[in-house]
Each structure stands twice: as C-alpha cells, then as structure tokens.
Amino acid sequence: MQTMIEVQGLTKVFTLHNQGGIQLPVFSGIDFSARQHECTVLFGESGSGKSTLLRSLYANYLPTSGTIRVRHRGEMVNLTGAPSQTLLEIRRETIGYVSQFLRVIPRVSTLDVVSQPLLERGVEQAEAYRRAGELLNRLHIPERLWSLAPGTFSGGEQQRVNIARGFIVDYPVLLLDEPTASLDQRNAATVVELIRQARDRGTAIVGIFHDAEVRDAVADQVFKIKPEQAVEVEREAS
Amino acid sequence: MSADNIRAGYNFAYLDEQTKRMIRRALLKAVAIPGYQVPFGGREMPMPYGWGTGGMQVTAAIIGADDCLKVIDQGADDTTNAVSIRAFFRDLTGVATTERTEEASLIQTRHRIPEKALKEDQILVYQVPIPEPLRFIEPSEVETRKMHELEDYGVMHIKLYEDIAQFGHIATSYAYPVRVNGRYVMDPSPIPKFDNPKMHQSPALQLFGAGREKRIYAIPPYTDVRSLDFEDHPFEVQRWEASCAICGSRDSFLDEVIMDDKGGHEFICSDTDYCRTRMAEQGEIA
Amino acid sequence: MTAKPLLQVRDVTKLYAAGKGCANVSFDLYPGEVLGIVGESGSGKSTLLSCLSARLAPDQGSIHYVNAEGEQLDLYGLSESRQRLLQRTEWGIVHQHARDGLRMGVSGGANIGERLMATGERHYGDLRATAERWMADVELDIDRIDDKPTTYSGGMQQRLQIARNLVTHPRLVFMDEPAGGLDVSVQARLLDLLRRLVTELGLAVVIVTHDLAVARLLAQRLIVMRRGQVVETGLTDQVLDDPQHAYTQLLVSSVLTP
C-alpha cells in the first residue's frame, strides 16, 4: 500500500507577537505516515494538538519545523515551502477536508455548496447535482432544503452538508475533523459507511473522532499525540 | 492692397500682419491634419465672444484685396450679424461683397452651409462656439486631447445611444459629430445635420474658427467626412412634409415662420440666396 | 504547473515618501486566481493596485502581463494607447467609489455599452440586448436601463460598475475596496454576486480590501501589506487562521466577530 502522507519531525509552536511574544508549543518532532486503503485516527486528550496536526496536513497551519510530504500526481510533494498554486492544486485534486463547522456563504444553495468541488474539477453541473443529491439523500437532508442556503439549518444539518461536500469527490487523501460530532446515531452510521467505502476505494483517511464507537468502527491505525511530543503508533485490526 | 477705400487708421482687415501670419501658420497646420484642433493666440475683436470672433479672425487672416466676400447667418445674408460682419470687412478691406454663393470666393458662415454646391476656388469659414466634440462627456481639456491622441472615441457613440434610448431615433440634429479623414472626430459647429453630407468630399476648403476657445481646425478639399451612426440606426438628414412657401423647393433646409397670432405658419428656405435664385429662374421660365 | 502566470510582478516600488507607497512587491498571478491585498489604510495597497493596472508608473521593478494572444507584455514598455486598450478590453477596474468608475451623466445602459462602443460595436440593438443581459446578471432591474446612475442606490451603482467592466469579458479584474462604504446587507449581496461571477467567468482578480471577511470570502491567496512592505503572503485561510507576522496577528485579532 502506497504511502500518501509522510510527516517527519513536525513541530508546531504558536508565537503570539502581540502578547509579549509568548511561545505556545503544541507538539514537536512528530513522525507519522498515512497509507492508501487505511484510516488513521489521531488520538489524544483535548489540547494535544490533534486539530492542529490535521490542519497542518491541509496546509491551513504552517509548521514551525519538519516536513509534510503528500503524494500528489504520483510524486511526493513537500507542503512546506510549496508555492500557493501547488497547494491550491493539491487541495483541488488530492486532499479533501471536512472541518468541524461549515463555513456558510450567504445565498448559496445547499446543492451548490455540495457540488462545488465537482464543478471545480470540471464536472458537468447536471452530473454534479445528481451526485450531490445522492449524498444528501444518504445523509437524510430532505430534498425541499436543497435549494436553500444552509445558513438557517440546524448544527447537525450543516455538518451533514459539510460531510456531503467532503465526500463528493474521491480524493486520494481525506482529512476528517470530528465529522460525527453533532450527528445522531443513524447519520453517524452513514458517515461510518461513507468512510469505509472511501477507504475501500483506496483513499487514505486521517481523522479525529470524539466518539469511541465511531473511532473503533473505522480505525486501521491509531496515532496517539501527547502535548509536545509524539508517542508510539498502535496498529489495530479492523 | 489699396489703402484708399479702407477706414483710416486701421490695418487691412483689422488685424496686424504679425497676428495674421500667426493665424495662417495655425491654418496651415489645421489643413495638414484634417479635423485636428490647433490652438492659436486668439485676439480681441471689436465685438463680443459668441458673435463670430473666431470666424472673423480666420477671415481677416486670409482675405485679400481681390476676394469677393459673402457672409451668412443661419443661411440668410440679411440678418443683423451677417450685415454687420459684411460691413466690417467692407470698411476695413474694401473688398467686393456679394450675396450670391457662386460669385463669392470667401464665405463666412454661422450655422449653415449654402445649398448651392461649392467649387474648388471657394473657401468656407465657419464660426464655432464650442470646438470640442468630446466636451459634453469629458470636462477636462487634458483628457479630451489625450482621447483624440489615442483615438479613444467610444464615448461619442454614447450620445447617439442615449438619443435612441430616449427618443427611438438619433435626435441630435445640430452639431452632429463627424469623423474626418478616418481619424479625428470633429464638431462641425452648430450646422443642421442636413448640411453634414455637403462637407464630405467638398471641392471647397473649409476652415473653422473658435474665438473664445482659441482653436482652429480645417477640412481640406476632397476629404472624407463621415457622420457617426449605428448600423441599425444609420445617419439620416431632416426631411419636410412641406415645401418652401416662396420658391416651392422640396430639397432645401426649411425654416418655420410664424405668420400670425392664430398659429398660422409657413416654411421657407433658410438659404435666402438659394431661394431668390430659384425665384429668378422661375421668373425667366414664366 | 501547467498554466503560465497572467501577471508577473517583480520588485515593484512606488514611494511618495519613506513608508508611503509600496516597496519591493513581487508575486505571480495565475489565470482564474483571486489574490487579496489586505492591510489598513495607508499601507500602500491602493498605490500597488494603481501600479498593477497601468495607471501609475512604478519607480522601480517590472510588471509583465500575458495577453489573450499569449504575448508577454512589459506593461510600462507599452504605449499609452495599448495600455488603455488593455484596460478597456482584457482588464476591468472596479473602483471603491462608483462615481470614479461610472459616467454619472449618462444612462445605465450607456454605461454598460461604452466599452463595447469603444471597441467598435456599432449595432444599437445588439448593444441594448447586451446591456439588458448584464443588468439581469448583476441583479439590476431592467426597467432602470435608461435611468442615470445618479438615481441608483450605492449598491446598485456598484453593481452597474461591475457590469460595465465585465461586458468585454475581461481576463483580469482589479478591484479597490469594491464593497467599501456600503451597508452590511448590501455588501453581502454584492460580495456574493462577485463570488459567483468570478467563478462562472473564471476571472483572475486582484482585490484590495481592509476587510478580512471580504478577503476570506473572495480570495484564494493573500498579500498582507504594512507601511508599503509585504509582511506576509500565503493561502487565505492559512494567513487568517495561522498568521505568522505580528502585524497580521494584530489585524486578525482586531476583527470583531458577532
């Protein structure tokens, strides 16, 4: 199985220049990798830097030191120091990211929010809408809501729209930040199913799951983070 | 140049020779660059701006002792302005004057081109109030000069567009903008657009003088002069249902004349010489 | 990278005084990319934008633009007439104050049609139809086509300005605080419209704004300027979520979130 993400010596320290230059170390010297056909769960107590690590993998946070290499178009590309154009291309083609909260844009319909990643890849609108509809159905978003902007939806509904948007493209790498946090059991089960299906297609998944049940259901490997240091990797049979 | 029959104490044609030479240099440049506005050091004339001081300076700079001068105002030889300017030049040059278009070697005009086609040895001098055709949309002189330089003329069609949007047709009927020699957009002075086609490929030399704004421009003989328009709203001249109440002409530019207090009105030729000539011809035939 | 940059900016410097203007700015802009320039008033954003859009010659540095024919043009090596041609065909410039970008004395329809007339369109019916289409596209009431912009609201004027620029299908649009000075609700509508048009038309955009929310909504990439200098660049979400420079951190932390 090919390695899709290779992290070496990753260290993140936040420097707050406007508060006397306080240094807030999050983690240091992290080494880990994620492979195709595997779901890697990031695990650690609150404040251990799980989200920070996940965001670093999406180039949303800038590492203080270390390297993050991602297989993009068949080659390992170092995210740190890559030009913005390359990062945007990687986000368009290689890495998908489901954040904890949907960033709502006023007046953009649910169907458009979900199908946008497909449209950006040049898929015809009708086909993109069809696939968006399929996912929304599976996630139990009633069709009468599809033409509305998700701004007025409940937290759970917004999160499901967000998940549909993340899963609509078969990204080689998919990053999930607590995707089931505000979902009921029925929808959490759908998400588990989506994750497994993506993994079986070959996607390398890296995720944070609060819910132990979901975590156990999807994890192929668990990567434990302790604040300021990386610890061992446990492998589990799934 | 005979000094005998001009008013004592004045130079021939009022302006001093230095000034005339300066104006002639501006005229030469204007003829060399058809439609381009040449600045010149305009002088005070013994009449207010707006009464034709630009046209008079041009006339004064080019008139010679053996010229025959005709002056018209709105087509008529007998209106105050025309009579005064004609008298002015007769007093200060002693040249022959005429009301007959074909006899004149030099015609100064305000707001009309004679109906009778001009010839190669004739010069038509226009009095111009506002020489800049782009002024209506662009108040800055620096910018309009730049627009001319760069042939940035898209705005000219805005005026015509606005006409059609508002009235359903191009309603601009005076000072209708033209493009000269395929290059400069020019204001033909407030002549009716009826006269615009007469400028195109005219055998006569056409000179324009703006006194207040101190600009001179020209159309040399046999120059292309095109009126701006749209493909689906082509340039058209005015037409009248009526004919001239005096000479019966259906082809000339007609003025509406109120006849009484009851709203009675007639149309008559604005070009008095043209009308008179037609009457004379009809008299001969009759 | 497959595409060639549309705009190559190298060491562009235009200083009115020390710290006033912009200094040593370099970046590439690719087709379809939206670049935000953020920073507070007086940071040199607008000066830079004027340099980029061939309206203000820099003291130093170079700006190259690849036109629709694929020729690489040195902006300030071009004649003024070619600069103007670019500005009214392949480029758009959206000003903060609509009256700087509109002809207030002529109708909305004529404002939209001007660029087309300037590039040789001479069919009134076609001009009219195009103007109506663009009115609808920027969500202006077609019944207002013959009204002058002076009778429009601020938001409508701004949308008219956008239509007037996009009518020639530009490849690159420069925007200076396009939503500045508008009511919040009007602003949201305008930004949404811009976002939609930028995506639909595949426009490359350089947008100057002091509003980080605007930057986040529209820009993929950011340049942060302070006292004429670029202090930070990067992907928009990275710069806003994990700002590195003290000034950017200050900017981000100064935003009020309701």
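Just so it is clear, A, B and C label the chains in written order, and each chain counts residues from 1 on its own.
What we mean here is this: contacts are C-beta pairs under 8 Å (C-beta built on N, C-alpha and C of every residue); 3 or more make two chains touch, one makes a residue touch a chain.
Every value quoted in this text rests on a predicted model; they were computed, and no experiment measured them.
Enquirer: Quick check of your reading of the touch definition: is the inter-chain graph here a line, ring, star, complete or other?
Expert: line
Enquirer: Can you figure out the chain closest to the middle, judged by Cα centres?
Expert: Smallest centre-to-centre distance to the global C-alpha mean: chain C.
Enquirer: With centres defined by CA atoms only, which chain is the most remote from chain A?
Expert: B
Enquirer: Where the centres are mean C-alpha positions, what is the separation of chain A from chain B, in Å?
Expert: About 78 Å, centre to centre.
Enquirer: At what distance in angstrom does the C-alpha mean of chain C lie from that of chain A?
Expert: 33
Enquirer: Taking each chain's centre as the mean position of its Cα atoms, how many Å separate chain B from chain C?
Expert: 46
Enquirer: Touching chain A in the complex: which residues of chain C?
Expert: 1, 28, 30, 33, 188-189, 192, 195, 217, 220-221, 233-235, 237-238, 241-242, 244-246, 249-250, 253
Enquirer: Would you pull the chain A residues touching chain C in the complex into a rising list?
Expert: 14-18, 55, 59-62, 83-89, 105-108
Enquirer: Which part of chain B faces chain C closely enough to touch in the complex?
Expert: Within the complex, chain B touches chain C at residues 137, 146, 149-155, 157-158, 161-162, 164-166, 229-233.
Enquirer: Please name which positions on chain C make contact with chain B in the complex.
Expert: So the residues of chain C in touch with chain B come to 80-81, 84, 88, 103, 105-107, 109-110, 113-119, 122-125, 127-128, 145-146.
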